[in-house]
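Heads up, the next two complexes both have chain A, just with different partners, chain B and then chain C.
== the complex of A and B ==
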């Protein structure tokens, strides 16, 4: 296939990211032209169309082979500070799909609220940052894009400013975020001190010969790992997640727990695979894959057990999101110098894509329930299927898919992940994952049981059907289902993108 | 392509029914479920498979399409039927239609969801009996559980929540054990297989290409995997002592769901045992012949004894299913053409007979609102047709000649008696035969008390003949049972053709 970059100028490779940023600016422009009239349909439409356009372009680039092996390799911009390759495009697809569903759903969720244009604009700005995170080729752009993604997120979590929970969640998220940003920056400065460069490729070649500074480099790497743990809601920086996801408007919980987490993994994958190759750092005694293996085990176990004890469905999903960060961490943990590392990392990427659909769908279902003012606990969901069978069917799909049951996408992506971990020799990691996955069925099936099998405790007064929310939830459900038969190309794309990182 | 069409049509039908209004969902489901019946009968008429699909035979209607590639293993969409799969496919389609029709009179709540789930379950069952790739098979296998969970949990009796959860948890843990056992085998095969294709894996395992895995020697790995898979399937069958979910599930499930559970879902367990344990690891199976035959006999006798102690008609039939499944296991372990072939035939026969029994008990319950033996007597006066069919079905259960049950059990006893897998097989067979006496005892006793004598009912319901939508499926089942009893060769020929390649261990080919 003819590489696209031979036909188009090089800068067009970042077109998906630019489209996201452009949509954010268009939204602000529309709002400043006509600030008084609230036209929620137009705003939600622009945001959804912008993200769909991003999705289309990123998907087209992926299919056309832009920046991938076989058509010229990664495209570097600004001296390597930005890199467009399979990994960055793949995660842009994840982020754009989530943003499309979230904007569609927000149309109903935000009805009769003020500052709608700002809401959509902040979502798209954060998405721009998340897309850039996947493209960051230097520690400086890593930090900038991470902040670009984080700052709008803080505001979005606290968007319901008359709601104590929302404001408290925003504050907690901001404080933990600020601390972890500081840790990350300090880590970057230590790595810079030891290697003399911020460019990942140069860091990689210098880190092996750090000599006496190996200790400084090691501490720096651990601190950078801590910064990413915050973004992906992994142990030990996970404790903001339940608060933020529970207090935030539900579409934002969906956005943060799916897209933001995926972006965190995107940048972590690139920084650790490219910047600190295991071949170079393990001989010096810095085995970060072991660190991630421990974090993965602790994160998935802690997330699962905490989720099992919740009475509030949204909070249960928040802890389940922590648990899923643990599964995705396997992509960084089951690596070894010279092993088939791209396969397990690719499987982790594919899991994050599937997770983007099923988890977004689940949180959007919560948004729908909040819209109906049904209540928050498992008991409040009792008998909901008698009134809203279609939506409850979709939620059932999400729950069983998150638990990893066939015939849904989550089954195959978890299977692929554990399977590749075993292939890499980390059978114990896969075993812990499989056991956790089996235990998770307990709390996911509680939701299903409440909706379908328990008798309603009272009358539901659901009111009019929220069209946008319904559509978004259905899109997510269909995506979750279709990702089972269509998993082949997804995982192949992801694995070849990840393999290119290790080349 | 016909298998794909069959499964796809059933899926689409289930979606259509799910969206239909409650008022005519039952009619629509019954009409649409005729399509797979016609399809499976067409497959039967054009059936041209030879040998066993897993051991080098040629399955009929085979297709292989690559699905995805993962870590050096190819996952294919690979389906086809041989002489073992086709009878089960026909059983599934026919029994689903009959169960759907018999549900018209009793399901009066959320009908579109009920019938949609029934058809969704049928589609997945068809997948289980036709898949020839482990992964495809496993997806269908697990997907059968979901509709069953809802069917018991939403439309079941007073303790439905407990029964549904128990069913779900038991069978899911069993699936996990089986899955891990099988995947360990695949890893142990190393480079000699490059896909999860069941024929390829069966071939490699039978050729003795299993190597060590993570320092576990091949012999240990083989034994551990066999046990893990056996336990996984034993829950599904169920074999004593893993049977405790079954009576709960049956008693709480609505009758049409019990029909599917006893008629088809239990056969998934024996089918999988035959396909995996007994086809892929025959040496280990024969090595364990004595313990397996022993638990088969225990299932037969203990299940029958438990049935003897019950007052609830549905529990009686449920426990006697445990007993009948024991015969199937006994036939499978015999490794003779009549043993394995008879076991496969018994799967079909028991599917029809237990379907009939559960359906008939359901008809009586719908009229009397009780299933307790002591609560009623003389039902024959008020419901002559139902009673007549129930009596005939019970005689089928007891093994009356010229009915399907007789053929199945006779084949199994003949095969097990001749078996040479273990010196004590004739002894086991002789003990198992006593099960028949117990079955005859409790069925005759229960029928005598409920059906005959003067009419008496300890509730206030008006009792009259059952509607035609309930008696017609019963009549169809009875006809099928008699036809298969008179002419077992309708299925037994193709079954024998498919099981003979498995018999290099144990008794001689005859």
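== the complex of A and C ==
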């Protein structure tokens, strides 16, 4: 296949990111023309079309081999501060598919609310930042793109401004976010002090010869890891997650817990794999993969145990999202100098893609339940399947897929992740992950049991069918199912993209 | 000698000198009790009300819009400095001009949106206008 970059100018490699940003601007322009009317259909349509176009371009680039080893390697732009390669395109695909589903679902969720254009443009601006996070090749771009993703998210969490829970969640998210941004910036400055560069490639070559400054470099690396732990909702910066996901409008919870988390992992994968190579830093005593191994175990155990004790379904999903951050952290934990690192990280990337569909779908189902005003606890879901069998079937798919049961996408992605961890010699990480998965089946099946087996406590008054929400939930369910047969090519793409980072 | 001793000494001096100055002047100065010294502003301005007042939220909108122009200026300045020399060294007009036009275009879209949505309209609250009429009568 002819390399793509010989046909198009090099800057078009960031076209997926530009498309997301452009869609946000178009939404603002449409709202400027006539601010007083809401036009929900047009706005949701523009947002969905924009994200689908991004998905198409990013998917096309990924299949055509743009920036991958087959066609000349990563494309560096602006002096290396932006890098387009398999990893960035892969995560742009994840973010764009989540945004498409969330925009589709928001059409019904936002009905009769004001400030709809602002909602969609904030979602797309955050998505621009998330897609940029995957492509940042310098610590400066890492910080800017992380802020571009975070700032709209704070506003979106507090979008229901008459709702106390939403405002409180927004404030907590903002405060924890501000602290962790400060920690991240401080870490970046320490790494800069020790290595004299912000470019990841230069940091990698200079960090080995830090000499006396090894302590500073070590503290800097730990602080950068802390900043990413916030974005991925991992311990020790996880405690905003349950509040924010529960208080936020449910489509935003879906967006944050899937796309934002995936973007956080994208940037963490690149910074740690490219910037701080294990071969160079482990002999200096900075073993960040051990740090991530501890974080992974604590995060998945804490997330799963906390999820098992919840009575509120949305809060249960929020804690399960923390648990899944622990599984994905295996991609950073089960690494060693010279081990099959690309395979482990690739399996983690593939898990995040599958998670993007199943978790978005689960939160969008919650959005539908909120739209119906059914209630929030497990008991309120009793017998829901008698009234809405199709939606409950989709939710069952999401729950069993999140738990990692066959025959759904989540089974293969978890299996691949644990298998690769064992191949890398980290059988204990895989064992903890498997035990946690078994535990998670308990609380996921509670939802299924409530919906299908329990008798309804009262009459449901569901009203008209929310078409957009239904369509988005169905798309997510079909995606979760299709990722089972399609998992082979997905994981191969992810693993070759991740292997390129370690080369 | 450990170099941290020097830093510690600097810290001791930095805290010690101001305290010593205040103590010495308190010991030396004559104590003349005068009412004028106890007021908030010795220039004679008599403060009215407390300092804990709520500012109108619309000032924050103005401040946010100001940031648009502020950041714009910060980034245009270095650009103007390299503009001529970049052209002389063979960059095309499009290469030099287009990025800045795109940047300003993005800001204009945002400003236009804020303008259309009434961010620059000063809305008087009913309470404020009522108070004004009370004062006039």
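Methods note: the second predicted complex is superposed on the first by the 503 of 503 C-alpha atoms of A that agree within 3 Å, B and C clash if a C-alpha of one lies under 4 Å from a C-alpha of the other, contacts with A are read in each partner's own complex, and residues count from 1 in each chain.
As a convention for this text, a residue touches a chain if its C-beta (ideal position, glycine included) is under 8 Å from a C-beta of that chain, and two chains touch if they have at least 3 such contacts.
Just so we're clear, the structure is a prediction, and the values are computed from it rather than from any experiment.
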Which of chain B and chain C A:400 touches, first, second, both or neither: first
Which of chain B and chain C A:25 touches, first, second, both or neither: second
Which of chain B and chain C A:35 touches, first, second, both or neither: second
Contacts of A:159 with chain B and chain C, given as first, second, both or neither: neither
Larger contact residue set on chain A - chain B or chain C: B
Chain A residues touching chain B - in the complex, by the definition given at the top: 340, 343, 347, 386, 389, 400, 405-407, 411, 416, 419-420, 422-423, 427, 434, 438, 441, 445, 449, 452-454, 484-485, 487-489, 491-492
For the chain B and chain A complex, residues of the former touching the latter: 66-72, 75, 110, 113, 124, 138-140, 142-143, 146, 150, 153-154, 160-161, 164-165, 168, 172-173, 176, 180, 183, 187, 214
For the chain C and chain A complex, residues of the former touching the latter: 106, 109-110, 112-113, 115-118
Of all residues in chain A, those that touch chain C in their complex: 25, 28-29, 31-33, 35
